[in-house]
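Shared between the two complexes below is subunit A, which pairs with subunit B and subunit C, respectively.
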Partner chain A sequence: MLNYAIKRIGLAIVILFTVMLSMYAMVFLVPGDPASLALGPRATPALKELLRERMGLDQPVLIQVWSFFRNAATGDLGYDVWSKRPVFDQIMEFFPNTLALGAVALGWALVLGILLGCAAVVWRGTFMDRLLGVLSVGLISIPAFVIAIYALLIFAVWLHWLPAIGAGQPGDIVSQIKAVILPAFALGIGWVGYLARLVRASMLEVMNENHIRTARAFGLPERRIVFRYALRIAIIPTIAILAVGLGSILSSAVFVETVFGRPGIGTLITGAVQKRNYPVVMGTVLFMTAFYLVVVTAADLLIARLDPRIRDVFRG
Partner chain B sequence: MTTPLLTVENLTLNYRTGGDPVQALRGVSLTARAGEVLGIVGESGCGKSTLAATLMGLAGTNAEITDGAVSFRGENILTAREETRRKLRGKHIAMVFQDPMTAFNPVLTIGAQLVDFQHNSGTPKRQRHSAARDMLDRVGIPDPDICMGRFPHELSGGMRQRAAIAAALLMQPEILIADEPTTALDVTMEAQIIHLLRNLQSDYDGAIIIVTHQLGVIAQLCDRVVVMYAGQVVEEADVDTLFHAPRHPYTKALIACDPASLSIKEKRLPTIGGRPPDLAHPPAGCAFADRCAQVEPICRTAAPPRVEIGPDHIAKCHEAWS
Partner chain C sequence: MSSGANRGIFRSLMRDPMGAFGLILVVAFLIMALAAPWIAPYDPLKISITERFQPPSLAHWAGTDQLGRDLLSRIIFGARTALSIAMTAAGIAGGVGLLLGMIAGYGPRWLDAFLVLMFDSMSSLPMIMFALAVITVVGPGTGTLILVVVLVSIPGYARLIRAQTLSLGSADFILAERVMGASSARILARHLLPNVVGPLVIVLSMDIPVIIMLEAGLSYLNLGVRPPIPSWGNILYDGYTSLRAAPSMVLIAGLPLVLATLGFTFLGEGLRDAIDPKLKVRVPR
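Moving on, here comes the complex of A and B:
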């Protein structure tokens, strides 16, 4: 297990450095000078030079790459030349909002999705099973921002039940919870359908395996078979998909945060891209990549914990 | 003569399919007696595994029992409530499955499963653990304590089959059903498992039912044999009579085709020509008529009678006396 963990973490670091390198290439090898883009057409050459110096663009490219690597490794993601604040501080200010949104969205989607998936297995072949199937596919096909706009219209504009924009008052938990409900609903609803289909399919597959028949042949109660013998195996693909799906949750969060005017990583990135604020774009993307890798690695380790066969493949 | 523990009478089972139902069992009758090893032999698709699963009450959701009874100690278990049948499983009727590779849950240790499998015993957990350990020791697993902590994929095929046999014997069931217990194993493992089953049989007072397509396994282990073809019992006899004086042409053909009984000079393996009939539309006469060497016109029109050749020797054939 330890060996496996070390291998997974090592792989995550390699991936992170590859992402950093290609990002650097993308931002700095495209035509156009970030300083001229940032200052606009009427900037004097001296002013441009000053900004270039501040952004470290006067250094040879290899030195730039190296210092970016070195700084990022110590948690220093650079310096935002507009707000004159470290990029890392800005991320830390916005990230908790996005994390709360993603966690609430995935959380309710996971609970409801697994329940509906198991319900479809229990009712397999019946009208309810087919109804859940149609419903799930419907939920998967509607984009998050469409749901977001209608949820906003119905629950905030017409019914006034929940706030339309913002992330709530700092320190006021009730207002923060109220503010997260609609965005989390919009972000998670597609995942309910997706997880329900996924859990149903993998449960049906596992319930047909020979070892389930063995457990039945020893007269184990059906409930024990479902939860101890089947769900433990059926949940594995769900964990893998969920970790990868976090990437798509975070990218849909950009739309949902924009619709609800909710401060978060999504609004931070869109703002920075519009202003050609490269240090913020790079720092944020890098941070999100690192976060994503942590989650995927944690999921892999959890899967290895649940399935001894996977653990053995990576052992030794 | 011992009293029958398990009686199957006229068992008829159809599998529902998209089209016409497949008549997998067509009026099967047999008995299993205490202290006796009963062999059920036949080629693939003859209904022997379906029969074994039905005895456990695990025939599957697409199976429909249209007639007949399975009586355990005089009580029909087919009409019993599911909860009653669940309590019989493992404790009174246990099964060793064909494929030891997939018979155990891959994410739980052997020990955890052997403890779970004693659910119907009602004994406390600590006692179940030591029972499991002792049973692993008894089926010849070296270091049973280590084996208890192993996952199924960490054991060899032979060890897994030993563990599966240990699991089936855990609660001293009156009836032990082994479905192709050696088919998935290589030859040396097969010999070891047969040896193990023979040893266990000597101090086991219940009934053992062995389902197999290998006549060698039957010859080495069984006291009495039921030969199945196309969902029916075509011959039933004690093991010596069956091998030395078979009456049904199908039994004769099976014995002639057994690779173990061939002389080395034989240039090619004999086979039974043709294929078993489509059980969605079984023929009106004898199901074996199309492949039979002794076929007569009557075989194609009338179902063969059940002919009693001697005590405990029955053949379902128009030509049983010829």
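Moving on, here comes the complex of A and C:
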């Protein structure tokens, strides 16, 4: 297990390193000077020079890469070109909102998804099973931001049930909960369909396995078989997907956050992209990638603990 | 694939109501995209300030936007934008993925290890974050959009092809070819290629709705297709900004996106069920 853990963590570090390096390479491979692009055609040379200095572009390339890595390792992601605030501080200010949104979205999707998946297994082969199948595919395919806009129009603009914009007042938990409901609904609904499908498929597979047949032969009640033995194994692919899910849900939150004007990583990075604020974009992408890698690696290790077969596959 | 096999796939697709529904929607959108100049009732770019924010009527079936442009015409031309970007990007990404995947699966071990590390690094980047990083560097536009989609899609396709190539590489008929002295290039092109494209086609068709979603999303943020070129994303954004003035606009503007992604997904699912039911589904974005 320790061996596996070291290999897996090592791989994550190598990947993060490669990602950083290729992002840096990209900036230099693209023609045009980032400072002039950010300032537009009418900027004076002196202003450009100032901005170049602030972005660290006046240094030799290798020095830039080295200092970027060294600083990133200590949590220093550079400074916002325009406001001069540390990028890391801005990320820390916005990230909790995004994390809360992602967690609520994935949370309700998980509960409903597992329920629907189990229901489909109970009703397997019937019309209801088929209907749930079509519904799941439909939910997966509709873009979250279209649902977000429809939800905003219906529940905030027409019915006035919930706030249309923002993340609620700081310290006022009720307003924060109210503000998270619509975005989390829009963001999570695709995952309901996906998880329902996943749980159904892996449950059906597990129900055919030998140890379930053995449990049946021993005369254990069906409910106990499903919840004690089948779900325990059927949940494993769900955990793996949930980790990937948290990563991808936080990045697709970009669109939903924009629709609801919710201060978060999405609004931070889109604003920075529109203003070509390199340090903020690079820092945010790096932070999100690192976060994603940590979650995915942790999930892989957890799965290896739950299911020894995976460790063996990795070794072989 | 023989035409007999194609007919079999078509028949089992039509027998599945979901697949048939998907096929009909996809064909409708394809016709819309191809014949846009002939079926659109107005010029999608023609501004008419006196007619702004008109509700749906006989003259303007879907109403008009904040500049008095005909919404239906814009949606029809938006289909052209969405589908041409999606197909170009999927085509390029599929081609490059096919090549890299076969090289990784059939080439020397060190090259394979390097390529797999590249694929792993690329797919650990959250897609939208990566897209935004590329747009910051290259600048927004249709070309950037295609570049982004190609870059994020290649690893997935290459991994699929690599796995297929690896499992086929040790098959008896390939060994026989090698014993008879066939070159690697010949084996790759004549024997491996025809056997690995099938699953790729299914995965490509299932990725079209993801690309449509990404195009619309980025155009919505004004980081994709540049106005005034009609895109379902910037039409939706126009509707969003006039949410209170003309709610019908945003309702109608969301529909083509919903229907197109549904149609392509249902068709992809149907195709997969008809050809290769064991293929894995993607993670929602």
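FYI, the second predicted complex is superposed on the first by the 309 of 316 C-alpha atoms of A that agree within 3 Å, B and C clash if a C-alpha of one lies under 4 Å from a C-alpha of the other, contacts with A are read in each partner's own complex, and residues count from 1 in each chain.
Going forward, a contact is a pair of C-beta atoms (placed from the backbone, for glycine too) under 8 Å apart; a residue touches a chain by one contact, two chains touch by 3 or more.
Quantities reported herein were computed from a predicted structural model and do not represent experimental measurements.
Engineer: Following the overlay on subunit A, give me a clash-or-fit verdict for subunit B and subunit C.
Structural biologist: fit
Engineer: What is the contact status of A:215 with respect to subunit B (first) and subunit C (second): first, second, both, or neither?
Structural biologist: First partner only, subunit B.
Engineer: Would you sort A:296 into first (subunit B), second (subunit C), both or neither based on which partner it touches?
Structural biologist: second
Engineer: Is A:306 touching anything from subunit B or subunit C once the two structures are fitted on A? First, second, both or neither.
Structural biologist: The first partner, subunit B, only.
Engineer: Is A:271 contacted by the first partner subunit B, the second partner subunit C, both or neither?
Structural biologist: neither
Engineer: By residue count, which of the two partners contacts subunit A more extensively, subunit B or subunit C?
Structural biologist: C
Engineer: Please state the minimum Cα-Cα separation between subunit B and subunit C in the superposed model, rounded to the nearest whole Å.
Structural biologist: 17 Å.
Engineer: Where on subunit A do the contacts with subunit B and the contacts with subunit C coincide?
Structural biologist: The answer is that subunit A has no such residue.
Engineer: Using the touch rule from the top, collect the residues of subunit C that touch subunit A in their complex.
Structural biologist: Residues 18, 117-118, 120-121, 124-130, 132-139, 209, 213, 216-217, 220-223, 236, 239-240, 243-244, 247, 250-251, 254, 257-258, 261-262, 264-266, 269, 281, 283-285.
Engineer: Write out the stretch or stretches of subunit B touching subunit A in their complex.
Structural biologist: Against subunit A, subunit B makes touches at 56, 58, 86-91, 94-95, 97, 99, 102-108, 116-120, 151, 153-154, 164, 167.
Engineer: Residue numbers of subunit A touching subunit B in their complex, please.
Structural biologist: 209-211, 213-221, 224, 228-229, 232-233, 306-309, 312
Engineer: Taking the touch rule as given, give the residues of subunit A at its contact with subunit C in the complex, in rising order.
Structural biologist: 11, 14-16, 18-19, 22-23, 26-27, 30, 34, 37, 134, 137-138, 140-143, 145-146, 149-150, 152-153, 157-158, 190-191, 193-194, 197, 241, 244-245, 247-248, 250-252, 254-255, 258-259, 269-270, 272-274, 276-278, 281-282, 284-285, 288-289, 292-293, 296
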